[in-house]
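Same chain, two partners: subunit A is paired with subunit B first, then with subunit C.
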Partner chain A sequence: MRSAIRLATIIYAVLIYGFIFLPVVTLVLFSFQATSFPIPPFSGPSLRWYQAVLGDARLTSALLNSLAVAVISSAVATLLGFLAAWGFARFRLPASALMRGLITLPLTVSYLIIGMGLLVLFNSIGFPKSLTAAGIGHVVINLPLCFAILYSQMGEHQANIERAARDLGAKEWQVLTLVTAPMLWPALFASFFLSMTFSWDEFVISFLLTRFDTTLPVEIWNLLRSGLNPKTNAVGSLVFLVSIAFVLLFELVFFRKSRS
Partner chain B sequence: MTQSANARGGAVPWVAVGPALLWTLAFFAAPFIAMALVSVTVKGGGFSLANYQQFFTDPSYYRALFNSLEVTAIVTVISILLAYPFAWILAEQIPERWQRLALILAILPFWTSYVVRSYSWLLVLAEKGVVNNTLVQLGLIAEPIQLANTRFATVTGFVHFFVMLLTLTIFANLKQLSPSYRKAAADLGAGPVRTFLHIILPLTLPGIMVGAFLTFVLATGDYITPQILGGNNELLMPQLIMLQIGRRGDFPLASALSILLMLVVTVAYLACARWLKIERA
Partner chain C sequence: MTPLVQVKSVSQKFGAMCALDDVSLDIAPRSYTVLLGPSGSGKTTLLSILGGFLVPTTGQVLIEGQDCTGMPPAKRPTTTVFQDYALFPHMTVGANVGFGLRMRGVASSERDKRAQEVLKLVGLPEAFGKKPHQLSGGQRQRVALARALVVEPSVLLLDEPLGALDLKLRRQMQEELKAIQKRVGTAFVHVTHDQEEAMALADHCVVMSNGRIEDEGPAERVYSKPASRFSATFMGESTIFSGRVIGSGEIETVFGRWQLATDVKPGSEIVLALRPEHVVIDQKQLLPLGEGRVSDVVFQGSFKRVTASLVKDESLMLLARLPADAVVQTGDMVHFACDPKHVLVLTR
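Entry: the complex of A and B
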């Protein structure tokens, strides 16, 4: 009986892992396809589709755009989230709960609606579709997340150290940059990298708010119009690789932190 | 907590919280107000409730919302049923030192982009794709069956994503449970089934609810998965919204539909609110 249960759990786990990895393995495998269709039988390995991707100026510039939008919007979201978390945690403000609720509210609204709203607003005030517009949208989706993470990490012992710094004559901005930020760096790092991964992968806001210069997910979407194509597999595999790199970096930093 | 926060500071706290508040007001609240205002006009005209009227009277419009809710309900139930045992296996059956690795592996594809993930499923489910090819090779079917461009494909794409998400939330919840609950239940004579039904399941309900709510918000608002995998055979709400912008440039109607979608999500949020509090640690 016990070994039957054990066997059942192993089979179940293998099936679920199989389901989870089936599309990813298919994607990566057929990115090495030698012929023009990413369907069985596998005819590789060949790197021709990776060459095609790297030789495609639209894709490489979209990749750089995506990285730029991700880095800048994540930095802004982390900075604003950090300042707000510190302000709410350290000072008693009127209607604090209401304001905190407002800042976290975008978490409950889908990206599509946030993008639609910005499209309508920008359209009515004549703000052009651009990477900046998409970046503004990415800060909107990531700010609540950064705020929630950083606010949850503003502990009491840090407040005491801040108080000590103030007693020793530090100005508020010195307390923030020299005392609070260094103490919270793992949370700051977490906020920044989570924002990076969300911005990097985000499609619908960029789709609605950019026109000619666009981000990688939108450019991949444009590729999809030509149907199944190993080139899309290749660029998809590269995107996946970058996402994994973000996650592993994140893991390494936190693993080290939780051990020390 | 906040009780010990110092009240002094003058302008300093406002300088700190101001930028985030202003950003949220300017780029989240204002767009929403703009959308609400535009939704009660008609394209190129003045005030009108025609957009809302159209939604409630034209079956092809409200059908999209029903489709969205139906697909989301199916996806949520299947994902919970698949993820719960999986999270339990990861939390209880795998040795402690391998758990982290097993979990990271289980949610690795979670980090691929929406577009790439949906495209990958298209590869798997295509007419001559991996699934059809394998079934034909095994002699289980004579001709490839249509898997892509169906509701089945949309549900599969969604379930794939939400199984990973729910595994994460349920796993976190299971790990928080103290083993003494189980011991106490056993000491009091409860078998594994009763322990599960009366102790473990109620205590992991918050994890399930958080996951189910995220599933609801993300699935009802996702355009990519139904568009790439489901095609245009049946429209879900986000597809209907995007259709108004893409082909017709009808911002008022798109705004009205977005607001209706948001109202539905808000109702769900209020229903789940007690499980979803964001607390300071």
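Entry: the complex of A and C
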């Protein structure tokens, strides 16, 4: 009886993880396909399609664009989120709870709505569709997240540490740069990497707000329009690899924090 | 001697709540002042006002003759040792201690040298390169003390500095705090709710309750001649009962008429307090308290702590500290008495 339950548990786990990971495994597997279609039977392994991806100027420049948008928009979102969290945690502001609610609200709004809203706004003020526009969109979606993470880390104990710095003669900007920010370093790092992962594979906003130079997810979508091709598998695998790298870095930072 | 710190009629209101009610206090140079009181008595509020973290609703604070009432903490000649130590977690102990000097523009080699000296003073010369999380609670406490002392403040403020330590470490740190204070000569203002700590440390003991100063003076005086019923019960234990002055030096109590030296005018309702160590048994020549039934005996090594309910007033729980060899057991009927010169007569 017991062994039957055990067997059922194992089968259940295999099914669950299979359900989650089989599509990814298939994608990665057929990126090594030697022939022209990503369908069984598997004919590889071959690096032919990776070569094609890296030789494609449009894809490589989109990859670099994506990285630039991710890094810059995440840095801006983290900085703004940090300042907002510090303001709300350390000063008594009018209607503080309502304002905090408003700042986290974009978390609940769909990317499509945010993207369309920004599109309409940018159109009306004559701001051109561009990577900058998409970057602004990514700041809009990531700032609430950065704010929430950082705000949760600014408790009374941290406030006391800042008080101690002021007591010892630190000016306000010195408190921020020498004490508050370094003390929250792990949370700042986490906000930054989480924002990076979200920005990295964000499609809708980038699709709506870019035109000639665009990000990798939009370029992949362009590729898909011309039908299935192991090249899309190869570029998808690369995207997946970079995402995993972000997550690992993120975990590493948090692991180091919880150990100390 | 002119006071180092003068607190003049300071009140602090938080909305409708009055945390400090017209408090005035002088602090002498080189003294160890302890603010003693239960939570909510206003002692921490007063310390925050001295440190500049709160600006009082009304009143004035002078430090070294200078009006500091609205001056921010960074500009004051005070530093604070926080209850949770508030060390900078990302800096080494050396950098923590040197922080105040860094803010004053002291060069890094000089900073390190002085940080080392102060760490030696607090007994942690080997901690310089460590991070705060590698230290024990007692060691962090010393680092916090060193960090506040290194900038040579006129007044050092300590907010329940020993609150997080275990009893043994606490007694040990008390002695060291006192010794360090004597050595550096800085005036220390120390907030605590522990009366033993207050008695062990204070040159000047300030008992606070409900936002007011109940009593202040040398710890010995505050203990032996408390000014009020509150300080008699908070600073040490007492048995409290009521009485009435009926003639000069004559007081009516539940135990009969007592002849006590007092200048309270006849007709006044008063309160009498009796320290447990002044209660004796089986000595009828002293002031009799009558018979009492022993309800609890706790052996404490050097003495026995006895609780008894008296026949003359069942509601009165008498506290007595009897010699360790006294033969008393729970349930015994015992004759209690006290010496008239030790009975405290309190008018408020």
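Brief remarks on what is shown
We adopt the following convention: the second predicted complex is superposed on the first by the 260 of 260 C-alpha atoms of A that agree within 3 Å, B and C clash if a C-alpha of one lies under 4 Å from a C-alpha of the other, contacts with A are read in each partner's own complex, and residues count from 1 in each chain.
Keep this in mind: a residue touches a chain if its C-beta (ideal position, glycine included) is under 8 Å from a C-beta of that chain, and two chains touch if they have at least 3 such contacts.
The structure displayed is predicted, hence computed values, not measured ones.
After superposition on subunit A, the partners subunit B and subunit C are seen to fit next to each other with no clash.
In the superposition on chain A, A:Met183 makes contact with subunit C only, not with subunit B. Once the two complexes are overlaid on the shared chain, A:Leu64 sits clear of subunit B and of subunit C alike.
When both complexes are overlaid on chain A, the residue A:Leu168 reaches subunit C alone and has no touch with subunit B.
Measured by the number of subunit A residues touched, the leading partner among subunit B and subunit C is B. Contacts of A:Ile11 after superposition: neither subunit B nor subunit C is touched.
Within the superposed three-chain model, A:His157 lies in touch with subunit C and out of touch with subunit B [touch as defined at top]. Across the superposed structures, the minimum distance from subunit B to subunit C, using CA atoms, reads 8 Å. Subunit A residues in contact with subunit B (one complex) as well as with subunit C (other complex) are 163.
Interface of subunit A with subunit C (complex): residues 157, 160-161, 163-171, 174, 179, 182-183, 185, 260. Against subunit B, in their complex, subunit A makes its touches with residues 9, 12-13, 16-17, 19-24, 26-27, 30, 37-40, 80-81, 83-84, 86-93, 96, 99, 102-106, 108-114, 116-121, 123-124, 136-137, 139-140, 143, 147-148, 151-156, 159, 163, 172, 197, 200-201, 203-204, 208, 217, 220-221, 224, 228, 232-233, 236, 239-240, 243-244, 246-247, 251, 255.
Residues of subunit C touching subunit A in their complex: 51-53, 72-74, 78-80, 82, 84, 86-91, 99-100, 103-104, 133, 147-148, 151. Across the complex, subunit B meets subunit A through its residues 2, 4-9, 12-17, 19-21, 23-25, 27-32, 34-35, 38, 82, 85-86, 89-90, 93, 100, 104-106, 108-109, 111-117, 119-124, 126, 128-130, 133, 160, 163-164, 217-218, 220-224, 228, 238, 241-242, 245, 251, 254-255, 258, 261-262, 265-266, 269, 278-281.
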